[in-house]
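Shared between the two complexes below is chain A, which has chain B as its partner in the first and chain C in the second.
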Partner chain A sequence: MRDRIEIYDVLLVVTLIGAAWRALFGKDAFSATVFFIVYGLLMAMAWVQLDAIDVALAEACVGAGLTGALLIGAVRQFERAPGARALRRTMGLRASIGALSLLALAGLTASLFEIENRRSPVPPLVERSLGDSGSAHPVTAMLLNFRAFDTWLEIGVLLIASLAAISIHRLYDPSPIEGRASTAPTRPRLQIQSQTQPWIMARTLLPLLILVGGAMLWFGSHAPGGAFQSGALIGAAGILLQIAGGRSALRLSSLRTRSLLSLGFSSFWLMAAGALLAGGRILEYPPASAGAAILALEAAATLSIALTLNVMYACSRPWGPEP
Partner chain B sequence: MTRDLALTSVLLVPFLGVIGTLLLPERLRRPFSFLVTTLVLAAVGALAVSLRDAFRYEISGWGAPLGIDLHVDGLAVAMLLLTGTVAGAVSAYADGHYRDGSSQKPAAGFWPLFFGLWGSLNALFLVSDLFTMYVCLELMTFSSVALITLAKDAQALRAALTYLMTALTGSLAYLLGVAILYGEMGTLDWTLMSPVPGDDPVAWMALSLMTAGLIMKGALYPLHFWLPGAHAIAPAPVSALLSALVVKAPFFILLRLWVQVWTDAPYASHVLGALGAGAIIWGSFQAIIQERVKLMVAYSTVAQLGYLFLAFPILETAARTADQAARQDAWEGVIYFALSHGVAKASMFLVTGLVVQATKTDDLRSLRGAAAHVPAAVLVWGLAGISLIGLPPSGGFIAKWQLLTSAIRFGLWPYAAVILFGGLLASGYVFRVLWYAFLAPDGSSAPKARVPAVMVLAALFLGTVIVLMGIRTADVFAVLKAGSPFPTVGAP
Partner chain C sequence: MIAELSSPFLLYGAVGCLLIGMGLYSLALHTHVYRRILAWNALGGGVFLFLGAIAKRNAYGGSSDPLPQALVITGIVVSVSATALALAIARRLQTEERGNGA
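Then we have the complex of A and B:
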């Protein structure tokens, strides 16, 4: 990290605040969403400036890209729903949230100047243990070895969230997504409108996204990257395919979908139980095979993350015929 | 060896339940969930029996502060026992609830979420790492939200989303606090950072943020606004889980933070105490005026959670006294309150569910004749009621007695008065239900349907536990001695 603050940093911070402002107080939900995506991309650039490449990648892929896609889906659904204006009548709530946020901001700013930066024992420990961790990249070693238990539970959160999304989707749309094909028999199962813009985009980008996603998974073992970023890219490929009209290919209640959704979570479970059977502790890998274990877990997690994002996108899209 | 096997099973087996009930063919899911429940209960039992002193377990073999450790002590095992007791009863009840023809919902959606919730709670009570606790809270919250939406109507969805938004805000505040604390203390393991220096302003900022987030998730008055809607609209077995267990998880973290990490917080603890007193009074009054039984039980949770927050000033005063027996009494009383409220509240929601299933409504007036029609349900309601009021023989009596004597002993008279008055208010809503239940049925009572026997048995089981907690108190207190923050001389 550089010590000096340059004009670029100042511009970045000012634009960040501007984008955040427009996202919060934009004239309608759609422009607010667009500014939220802009904010995410600027935030990723800020993380690059702070030398946190892993966070930057995650922010760009998940924070700006996929969250943006989900939000745009939600906004379109919103505009069709009657009574969407009810949201405008919450000024009192906004004001109190704003006041609380300002209070917290003041406290945080004050404590920033007070923070002692006591020397943490963790970084030297990471350095010493990196050789036995199976990964040359400290972030990967942290996520998939030292603190693999956290990552397992986070993958669990994604699994449960996708089950929740499916459950809520069914609430409104009694015919599950896969039933759409049978209610509209004139449509082919994988309905691709071959001359539309989304399809041309998908055709160009799809191979590239899968290639870069795979590369990011592989690089994760020794450089920034890994399951979450890779999963987001491959998930984006799937979402592009959905936009191009391949929606009904996703069968929410099929065994294949459920297996793939839980693949990451199950792999961590097998690794935890396998380590116990081998005489070790939960999620303890022998140094010799740690690299292979990490790669296997990351690959499984990538597939589950990609599918989870697609399930959420499919569930967030407006029902009824596409315009 | 047996101890480690029991411990790892408590963590791993519920998550096997998630995977199995998601992937196995339909007909195998029921026996499988039964098997998983039995295994987890056996593991929790074995862990409780083998616990002599607090011990640690290094996940991934690195050890804190690099890796994540489990910290197994009396408090953690007591919470595991509560979770097991309630989850075991709920799983039997849910089996009847979802197989009964009258409830149209498929059981398939319930089981993975149920085991996800159970696994997240077990992990949360065991980990010694404040960030891992955050991830557990998230897993718990998402499972709970998804379980609420199983009620399958728009009102449930609204309640679930309100809960989700509140809980996420709370999580973010907690996470921000954890991040600041890591910056200040250089570790995420609470046992390595305690005691935090009492005059460190940054650590105080962190504690304030974490506390604000946790009381939001723990529904402490006046941040309880999301609770009655969510807990009353959910299906009965889900309400039982939410009210008995889910709101206890943030309280558990607060207990660790305020009693075991920050040992020096004389004035701030009275803020929590005052909010707790407010919760008891306001929640009880709301419960008394409700016309729907499920809402009444939900407001009763708001009130009963208030008692748990009286714990903070009481324990803070206890920490400064020299009387070791008095300190241990206060600590045991607080935890025993959390345990007995969990069992009593779960049984209340289960019997309310029984009555709803029999009469198709939870209107208070439709309870006329319930004593003749579903006598077991009314019996269990009575047992749960005396535990909430604090009458013998029940766990609630022991817990309230210990809290009350501690408050008096330490000269905290206002809290003692609130504890006594709260018991009086609780009898108001408990007896209101019993009054209607014992009236002779008339034209206004709804038509009756049969309920599966397994649901009645599950409620009766919890009723028995309430009474046993009033009699076999020493057995639970023996578990609580392990790793207590207030060790008594001569303890192992």
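Then we have the complex of A and C:
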């Protein structure tokens, strides 16, 4: 563990700021998107420098990878829109926005010096209670045991966001209304265009992604990894399949999709209710079975997260026939 | 004091602050909703880096503070879902505007 910065750190943050600059102030929407993905990947490298491997994995899979897939899928619809290059014109307005942003920047930087010498009491506490948590890895113990309530509600946010995306998508889906009511699929469920590049990529990467995702879920109990990173990898496998299939392979509103979407949230709910009925406090697992409880919750959350990301990707694709 | 100034906490914390400032400026400068979604995400990255610097500062026994790390992992996943929802709404907004223009 290092306590001094090295030249590598300086080069990394300079590149990071440069990529952010192009993503934020570049003229062209498409190149801004590409630089945003670069920014996300550089950010993952910064997390490695901060000794936060779990966050680096999450940032690389979710922050850069899946956000990138969503944005690249969406940018084509926006880049030719009138106003896609518009900036606020008035110099006075620009100057005052700049001044306010600088003020925020100065205030935040000053707060860094303010908090520099305050130590948090949490890490020693975590180290002492790690033995009872059911996980040998502090971040997993934090996410699934000490602060499991936060994780539960976060999975709730994912559920709400995916249901909202489905609703918006369905409202504007131009496929015929009668098709929605009947059980017969109105469109081919999966049209693999064989021998295309996405198909070859999907064929090669799909087993690997699922294998690495499963391994990451398992390793999460004692090493960096866990439900979010694993869910993102398995979700990426599904998205590759969607790209190779040309069309959404998901029936967004089927009972199966909806129940799998809510699996993570309802598992937490059952675990919380079980702990309450057993006479404990909410989401308080007995130390003897905490490891099993964490693994079960993580497995359920992984499936839900993977499907949520797929649903979101499917909802971000253009309507109508693919070009 | 010189040793303090060369700590990773200050470097990455200051970069986080700079990204927040740049994100705010870009968010207010652009008028198109897609560029605002990008700006919002870059701003979020700055906030996460700020938290990461604090985690590094609170490092104990060779590993960074797990509490900010857990917060950031949660935040990254929430921000991707918020981005997906924002894109869906933006797309609908664009469809509405086109419909009115035709």
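Everything below uses one rule, namely that the second predicted complex is superposed on the first by the 279 of 323 C-alpha atoms of A that agree within 3 Å, B and C clash if a C-alpha of one lies under 4 Å from a C-alpha of the other, contacts with A are read in each partner's own complex, and residues count from 1 in each chain.
Convention: a contact is a pair of C-beta atoms (placed from the backbone, for glycine too) under 8 Å apart; a residue touches a chain by one contact, two chains touch by 3 or more.
Bear in mind that the values here come from a model prediction, so they are computed numbers and not experimental data.
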Mind checking chain B and chain C on superposed chain A, clash or fit? fit
Rounded to a multiple of 10, tell me what angle the C-alpha centres of chain B and chain C make at the one for chain A, in degrees. 70
So, does A:A136 touch the first partner chain B, the second partner chain C, both, or neither? neither
Across chain A, the partner (chain B or chain C) reaching more residues is C
Check whether A:A292 is in contact with chain B, with chain C, with both or with neither, and answer first, second, both or neither. neither
After lining up the shared chain so the two structures overlap, which partner does A:V122 touch, if you call chain B first and chain C second: first, second, both or neither? both
Touching partner for A:V62 - first (chain B), second (chain C), both, neither: second
With the two complexes superposed on chain A, say which partner A:E114 touches: chain B (first), chain C (second), both, or neither. first
Pick one for A:M312: touches chain B only (first), chain C only (second), both, or neither. second
Look at A:R281 in the shared chain and tell me whether it touches chain B only, chain C only, both, or neither; answer first, second, both or neither. first
Does the superposition put A:I200 against chain B (first), chain C (second), both, or neither? neither
Thinking of the overlay built on chain A, is A:L11 touched by chain B (first), by chain C (second), by both, or by neither? neither
What is the minimum C-alpha distance, in Å, between chain B and chain C after the two complexes are superposed on chain A? 5
Would you please give the residues of chain A that touch chain B in one complex and also touch chain C in the other complex? 104, 108, 115-116, 119-120, 122, 126, 147, 150, 154, 157, 161, 164, 168, 171
Residues of chain C that touch chain A when the two form their complex: 3-4, 6-26, 28-35, 37-39, 41-42, 45, 48-50, 52-67, 69-74, 76-85, 87-92, 94-95
Residues of chain B touching chain A in the complex: 8, 11-12, 15-16, 18-19, 22-23, 57-62, 65-68, 109, 112-113, 116, 119-120, 123, 127, 131-132, 135-136, 138-139, 142-143, 145-146, 149-150, 152-154, 157, 160, 173, 176, 180, 182-187, 200-202, 205-206, 208-209
Complex contact set, residues of chain A against chain C: 1-5, 9-10, 13, 16-17, 20-21, 23-25, 29, 32-33, 36, 39-40, 43, 46-47, 49-52, 54-55, 58-59, 62-63, 66-67, 70-71, 74-75, 77-79, 81, 83-88, 94, 97-98, 100-102, 104-105, 108-109, 112, 115-116, 119-120, 122-124, 126-127, 138-139, 141-143, 147, 150-151, 154, 157-158, 161-162, 164-165, 168-169, 171-172, 228, 305, 308-309, 312-313, 315-316
Which bits of chain A are touching chain B when the two form their complex? 104, 107-108, 110-111, 114-122, 125-126, 129, 145-150, 153-154, 156-157, 159-161, 163-164, 167-168, 171, 255, 258-259, 261-262, 265-266, 269, 272-273, 276, 280-285
